[in-house]
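For reference, chains read A, B, C, D and E in written order, and residue numbers begin at 1 within each chain.
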Amino acid sequence: MNVPWLTVVLLLPLAAAALLQVIPRTAVTLLKALTVTATAAAAAIVWTLVATMGGSPHSAGPLSFHYSEIHQWIPVIGATYHVGLDGISAWILALNAGVFVLGAILVSRRSTDRLKLFCGLLLLTETMTAGVLLSVDLLLFYLFWEGMLIPLYFLLANYGNENRGRATVKFIVYTVAGSLLMLVSILSLFFAHGVASGNLSFDLTQLLGGGLSKQPLVIPWVNITTFTPEQWAFLGFAAAFAIKIPLVPFHTWLPDLYESAPVAVLVFFAGLVSKLGAYSFIRFALTLFPDAVNTFKWVLAALAVVSIIYGALMALSQRDIKRIVAYSSLSHLGFIALGIFTLNVNGINGAVIQIVNHGIIIAALFIIVDIIEQRTGTRDRHELAGLERRMPWLYAFFLVATLAGLGMPGMNSFAGEFSIMLGAFQLHPAYAVLAGLGVVLACWYMLRLHQGVMHDPPQPRTEAVGDIRPAQGLVLLPLVGLMVFLGVFPGPVGDVTQLSVKQTTALAHGYASTAGPNFSGLGPVSPGGQP
Amino acid sequence: MTTSTVAVLSGLILLLPLAGALLNALVGWRLSRRVVNAIGTGSILAAFLVACVMLAQVVGAPDGAKSASAHLWQWLDLGTGGLRVGVDVTLDPLSAVMLMVITGVGLLIHVYSVGYMEHDRGIARFFSYMNLFIFSMLVLVLAADLLILIIGWALVALSSYLLIGFWYERPSAVVAARKAFITQVAGDVALVIAAFLIVVHIGTLSMPGIFAAAPSFASGGLLITVVCSLLAIGAFAKSAQFPLHTWLPDAMEGPTPVSALIHAATMVTAGVYLIARFHPLFDRAPVAQGMVACVGIGTAVMAGVIALSQVDIKRVIAYSTMSQIGLMIFAVGIGAYSAGMFHLATHAVFKALLFMAAGNVIHALHDEQDIRLMGGLSTNLRRTELCFLSGTFALAGIPLFAGFFSKEGLLGFGLTNGPGAFPWVLYLVGVGINVLTGLYAFRLWATVFRGEPQTARVYAAREAPRVMLVPVAILALLSAFLGLILGVWSLVIHDNFLIGVFARFLSPVFTTPASGPLAVDLSTGTAILAGIVGTLGSLLGAGLAARIWLQRNPDPSAVTARLPRALPQLAYNKFYFDEIYDALLVRPLVALARAARRVVEPRFMNSGVQTVSDACSELGAWVRDYQTGLIRDYASYMIAAAGVFVVATLVLVSR
Amino acid sequence: MTGIIWVAGGLAALSALGVVFSPQPLYSALSLVLSIGALAVIFLVLNAQFLFVVQLIVYAGAVMVLFVFIIALLSPDREERFRVDARFAIGVTFAVGVTVAMLLAARNGITFNGNGFRAQQIGQASDPYHGFAFDQSDNGLVNTAGNVQSVGGQLFTTFLLPFEITSMLLLVSAIGAVYLTRRRRDPNAPVRRERALAREPQLEEDRIEVEVR
Amino acid sequence: MTVLGVLPVLAPPPGIDILGLLPEVILAGGFIVLMMLDLVTAPAQRGWLAVVSVVAVAGAFGATVWCWFDAATPRTVYFGAFAYDRFGLFINAIILVSTALVLMITPQYLNRRGLHYGEYYALILGAATGMMLLAGAGSLMVIFLAIELLSIALYILSGFNRTEPRSQEAAMKYLLLGGFASGFLLFGMALIYGETGHTQLTLIAAAITNGGGTVDPLLMAGIALLFVGLAFKISAAPFHTWTPDVYQGAPTSVTTFMSVTTKVAAFAALIRVFSYTFGEPLIYDRWKIIVYFVAIASMVVGNVAALRQTSLKRVLGYSGIAQGGYILIGVVVLTPAATWGSLYYLASYAVANIGAFAVITVMANRGEDLDSYASLRGLAFRRPYVAAAMGLFLLSLGGFPPTAGFFAKFFVFAAAIGAHELPLALWGIGTSAVSVFYYLRVGLLMYTRPQPDEPSYNWSRTSLSGGGVLALTAAGTLVMGIFVTLVLNIAVSAQNGIVLHG
Amino acid sequence: MTASANFPYLLALAAFLFSVGALGVLIRRNPIVVFMCIELMLNAVNIVFVSYGRFLNSEEGQVFAFMVIVVAAAEVVVGLALITQVFRVGRELDIDDLDELNE
């Protein structure tokens, strides 16, 4: 069949956003219905694509894609419209589709006065994030990567609490600064490749061979020897992605923003957007700069570990429950980053799995926190207690989300965290041990959060609240269900990702690898473990 | 015993409690109390029946085929070079024993709970958690993959957490639950890291695979020692062994059936099971084994001493549990796997019994737990007292009661096959523990049931309803006769009197080239002497206790009052472990977190961005200052720049 | 010839100083007239008779009269003495520096004999104006007395476009001058002087916001 | 023959080709017609003058398009005084489109401000003619005259509000400083003329190339001074100081016009002179240093100063200074890619900047320009589409994809990196990041709900033509950011088509 | 040639006039005088053009100087008109008063 499904996925929300403009702003129900329908339709397409993508990919090569489309875009500089879906992007794209459905559903009545704007921006964001996930061409990728900020900016600047202005500007300026460094790197790579190969291209698959010099760069006049151009270029990418993930110490935009943003934005912002940094690390930084990655992996993994522990400590010291969740997100994103920098199959696979899992978990946690705030009018941990008796259903959902959030074995995040930590262990045991400390701390603050809100005798603010409405339950149910389901059956994710991850890992190791224990083969698999 | 049988039976036994848990959790709040009770206990009854069938399967299997595995589904497969984990189950004698203990004791406790929780509103929640616990425990013991075992391991901790915090409006319960869970997670992490070491070294997490590849570890080498130490740490956390023991007494905040089921009979003994299960690895790590044995016996002594000083009825039993598990850990540490497992089984019976009997007392006194306010309950609670006494006898190791067989078996094994150059040192400590056990066991019985009633409430105490008494009675019978039956059976088949049948049953699991004899060989004089000395120790303890506390007004602190002040103080305060941990771990971490929030985040993390933004702003103000609005100023800038440019080009020309 | 250049140049320089430093605007204007005249003499010496005339008629005649007229119209006060400030320092430095640098550069960088003078070589090498060839000798067209005709011819041929642009330029400036100075009697043009005054508080507000920011 | 010699236009001698000047001639014709029409138009009917001027611009645009196809082989006309090439025509097109857009929003604005006089349209067309001449100027003389033509028209337009002191002040500043800068420009031209013997750019280039391996100090001084003069026109730091003041003081529609078209035209001249006339390596190595410095200074000063502003017009003025710095990168780099990158930049800058100023213009209230930050507060709640368009323009100026501004910056930075001028690109990037801050702050203000105690502003209703301009510019911003090739191909062929030899 | 020998001094004279004119722009506050100073600068440029033209044997310099004069005249017309407009209403004739636009 010749339907360009990926383009359809990209354009569907865009078309819906355009269609929204002709609906009068008073037709609230229609606006909402259209938004939900559009996101759901996109989700249906994506999920079908992902579900049916088993088997061998269409195109072979160092990176292979199950679905891809390629057209000329800017021939003068060799930029193409090259989109592709492979095992790594597939699940994240599925998550993308899901969180936007969630966001569309969650658009609350409170922002009805500008519902139209909200829905339009939400749909635009979906197009952009899907574009980031699908782009194979670096310029196209950058276009979506930066373009994503536009609807996000309007969303964050328009909706949320009174502190949103500062937080939004901080976020945007921060990300733009990082992205621009990446742009320099992209261009350096582009020209180096152009000189080396004689043809201009921004296509990832073309640029894989590198072309950037591996001789250390010497600053003229002062005669200081610095990194190689390849390493500098990698650092440019790393800056952009580390800010987006974010890694400590680039995280300061995160808590403020998460605190101020409304939940309908948070579900896809915290649930997906911050993961795009991690995804892009895997897709671009690892494959394009294997030498540099191998040089810097120690530092980056250390930063990831610092993020894990620092985020946990910060979560431990907060009173605002939304900030606790925000910092927990920082900590968990540290796990994802750690998995990436292990540069082995386990770590990266774990990171991909965890991206999906954490997206589900954080979305649920933010929804729950929002419900609590709505019902009680406070987010102060000290003013909240004893909600279990008042809100047993919320208690149950929150419990599952909490457990998933703290990496409980049997929950979805365990599969990811286990493989990440295994990968980290293969990189160096110390990383795994420190990450383990992070797990213990996570247990502490998550339980304290959950118990603090749910247990103990009720406080004045929590005396007279009622349980969640069935509709809210219906929103949370699939999330919670997925947490359990993916905990019990994480296999399908791994099945889809493994080929692409293996290719990526091979690329990351494909060149002169530096020191580090070699665990590339984990030895024979004992027959006892297999049927 | 075919793979498919195992798969079907395992699936069934796992699904039944799970279904019960889900049913009660989701719709329990709309069902009547009877239906909830029926679901809760019925699912366990069904599971117990399945367990029986499974036991029969194992027993009926021919020698050499007592163990079978089944692959249920692939959990995760990350391709070559990556993690591969299957949801596999194993049925072998060891897991069969555990299944029987879990479902059997579990069933009785569930029945008991029907009565005990009669007036509690959250009965559906309670049964849901209890069923979840049974499910988790079954996962743990059936798992044939280390990762699945870890999942079960953590699920068990979860159910324990839920049940400890069952009365969630009690702040102390909430804190205790969290404490228990965090400690467990610390153990989990150790286990996970052990799993990493194993998978990196061997390449698989499948337990049969690990055991098959165990010889690839250098015996006594650093790697295997570290792996086993980490496994042991995991076991210590679960089994409340030093230094991860502080959560167990606090866990008594949960309802009494919970204490009986989780914190006495099953969960806390999972550590013993783990070490026994991984004996092929431990056999190759003598240093780790020695560490395990020492920790076990040390904890046994420490907990015994503390038990003697406590005044809360459940805490006394909790410390006694800790002490007994210390003995089991000691047993598996010295390689007496069968003996350890046997003590596990008997202990499950009599300790559950003790807890439930104590529950009856608490129930009768309307939630009074302080033994100083009891006394003289034998008049009103005669049946309970009988049962309690049976448990006390078993605990103290009075000959022919269940505890006697298991305890003497493992102590004797320690003397004859123990580690190190002087196995008798540990044995003597064990005898000391026997004395201690006798002391605190009978102290409890005497102060609760004998003497004068200390409060008026005692007179109003009523015997528990039948639904609570029957399970207690069954357990009392078991603790009285289980050992005896097995012993006689052993004698009949000309085997070791103490644990012969049991050891034979488990032998397919524990027979490995590295391991020595499975049970104490009573044919030697040393062994017989050891048995006699040990028994005398137990009797001595019991006698001393009777002498001290069987007075008119039994004083719980009768012994401690005569000792120097410092020792009882130490013991009563549990050797200040909570305080030490608080000072060493909790407070520094909290301080660190606070410092992160107050200092690091604003001063250091934000400062970089802030500096840049301030600098830009300053620069902007500076530029703005030069934007005076005066034409002459503007012209002077232009002239200056033009002059500089001209000079610059001219200078560059001469370059 | 040289003498005339030196005398006229010196006069131009002195009167230029007069323009800049005389406190009375009228004196400045008169100094400027003097300077312009002196320069016209130099133009004449340099065989630019056409420019000599234009300089005198347009500049000294028309433009300067306009200046004087405006001075008379607005009757400016005597300007207070300038202060020696940073601007003055920059200006003086620039003046001295540029003059000296130009002198040195002209002396050292340009030699009219030999190969150093590139323009001449090039001029000989490639003659740009096919139809209107120059006499390239030193006594060529430019040097002959009365070059008005040749310059005029150039204006209508080679430099036609600039010349046409000039016409448009003058038109624009004429419109502008008329527009700016004409008093409106247009009923449609609301003159809102009060608006202009009313802006002051607005400005204050702006300033305050700067502080608060 | 004599008759024909006197009237060379009728029978042009070789070198004179009126076709090459067709767009300019049409526009100049429009200028004269408007001047006449103004005399006979009733004050109430002056809106028709706008229509006439738009028609003239459209005619010129049509001629430009026709010339584009005609000028496949570039050549100079009028003895090298004017370049008839696609480079100039590309710039012409930008100028004409911008002019048309400005003319569309003008009548409403002028009416509100009580400024609706016919001279306005004539002067706009005169200035536009000057800009187009500047874009195609092939000799120093034409450059000078074109600059003066457009400048004088703009001086008057800046002071078009004769009753508003700020407008007058702006005109005065512009005039005095402009004259001052002209002095430098001329001195530079004189030295260049003297040292190379020519004023025709192609001949100057030839002279420099043939000059052998020596560098003439006076020529270099001349180049530096010429650059000073042009830098003033493109308002590059440190010659930018007039920009914010004049932008703020001038009537907004005039600011809209000159902020875009002047810069575009001056850049065309700058590129033609510096990249394609003084490109000889020995010379280039020397002037590069200056332009390098000025580019960086502009980026830094423009962006940093904009951080502390409270007037939207001033912010856009400073932003324009910074944008000039980015385009200067394209001048410094001196590769074909840099040139077409600059051209693309100019086009995208024109679209976005006109849009942004058009927003201020259409918002203007009766009697005052609502350009302070305070008056922006809450715009999005009352005029959502205007605010959205403004946001889009700001994002484009800030260089966010998928807007035109992104690819503009992208091409320029790419050219810099491709020519191993990485530091330049890094400066550009650093300052871009800074710029995001103030662009977003403005955007944020529009989306901040005003406090009850703050004055509420009465923004004008958007007229049809005003809305049309906003829609067009917004669409252009997006189209140029997504379907890049549409404009890029034209820019590339404009670069390819530049006149190099007479 | 004697004239050739004078060339550097002519350039120096031009530079002097130019820079003195520039200095005048910097230090004078009367807009009319400032304007005169600008005229002085333009005149200086004219010397350069003419003298170069003389020594290059080309009329281009003269034509250019002619253009400069024309432009100067046009500029003066507009400038003086503006000055009268700005300073007509009783304002002191001082360009330093024009500092309302500064931020």
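Here is the rule we use: a residue touches a chain if its C-beta (ideal position, glycine included) is under 8 Å from a C-beta of that chain, and two chains touch if they have at least 3 such contacts.
Small disclaimer: the values here were computed from a predicted structure and weren't measured.
Fewest steps needed to get from chain C to chain E, stepping only to touching chains, is 1. When the C-beta contacts at C-D and at B-E are tallied, the pair with the greater total is C-D. With centres taken as mean C-alpha coordinates, the chain found closest to the middle of all protein C-alpha atoms is A. Per-chain CA centroids place chain A at a distance of 43 Å from chain D.
Centre-to-centre separation between chain A and chain B, using Cα means, comes to 37 Å. Averaged C-alpha coordinates put the centre of chain B at 78 Å from the centre of chain D.
Annotation: 26 Å between the Cα-based centres of chain D and chain E.
Each of the following residues of chain D touches two or more other chains: 141, 145, 148, 152, 155-156, 159, 162, 165-166, 172-173, 176, 180, 194, 197-198, 216-218, 221, 244-245, 308-311, 434, 437.
Residue positions of chain B touching 2 or more other chains: 624, 627, 629, 631-633, 635-636, 639-640, 642, 646, 650. For chain E, residues that reach two or more other chains under the stated contact definition are 11, 14, 18, 21-22, 25-27, 29, 34-35, 56, 58, 60, 63, 67, 71, 74-75, 78, 82-83, 85, 95, 98, 100-103. Across the whole structure, chains are in contact as follows: A-B, A-D, B-C, B-D, B-E, C-D, C-E, D-E.
Contacts from chain B toward chain C in the complex involve residues 632-633, 635-636, 639-640, 642-643, 646-647, 650.
Those residues of chain D lying in contact with chain E across their complex are 140-141, 144-145, 148, 152, 155-156, 159, 162, 165-166, 168-173, 175-176, 179-180, 182-183, 186-187, 189-191, 193-194, 197-199, 218, 244-246, 248-249, 308-311, 314. Interface of chain E with chain B (complex): residues 22, 25-27, 29, 34, 95-96, 98-103.
Touching chain D in their complex are the following residues of chain A: 73-77, 114, 117, 139, 142-147, 149-150, 153-154, 157-158, 165, 168-169, 172-173, 176-177, 180-181, 183-184, 187-188, 190-191, 194.
Remark: chain B residues 25, 29, 69, 71, 73-86, 88, 144-145, 147, 150-151, 153-155, 158, 161, 165, 168-169, 171, 174, 177-178, 181-182, 185-186, 188-189, 192-193, 195-197, 199-210, 212-213, 589-590, 592-594, 596-598, 600-601, 604-606, 608-609 touch chain A in the complex.
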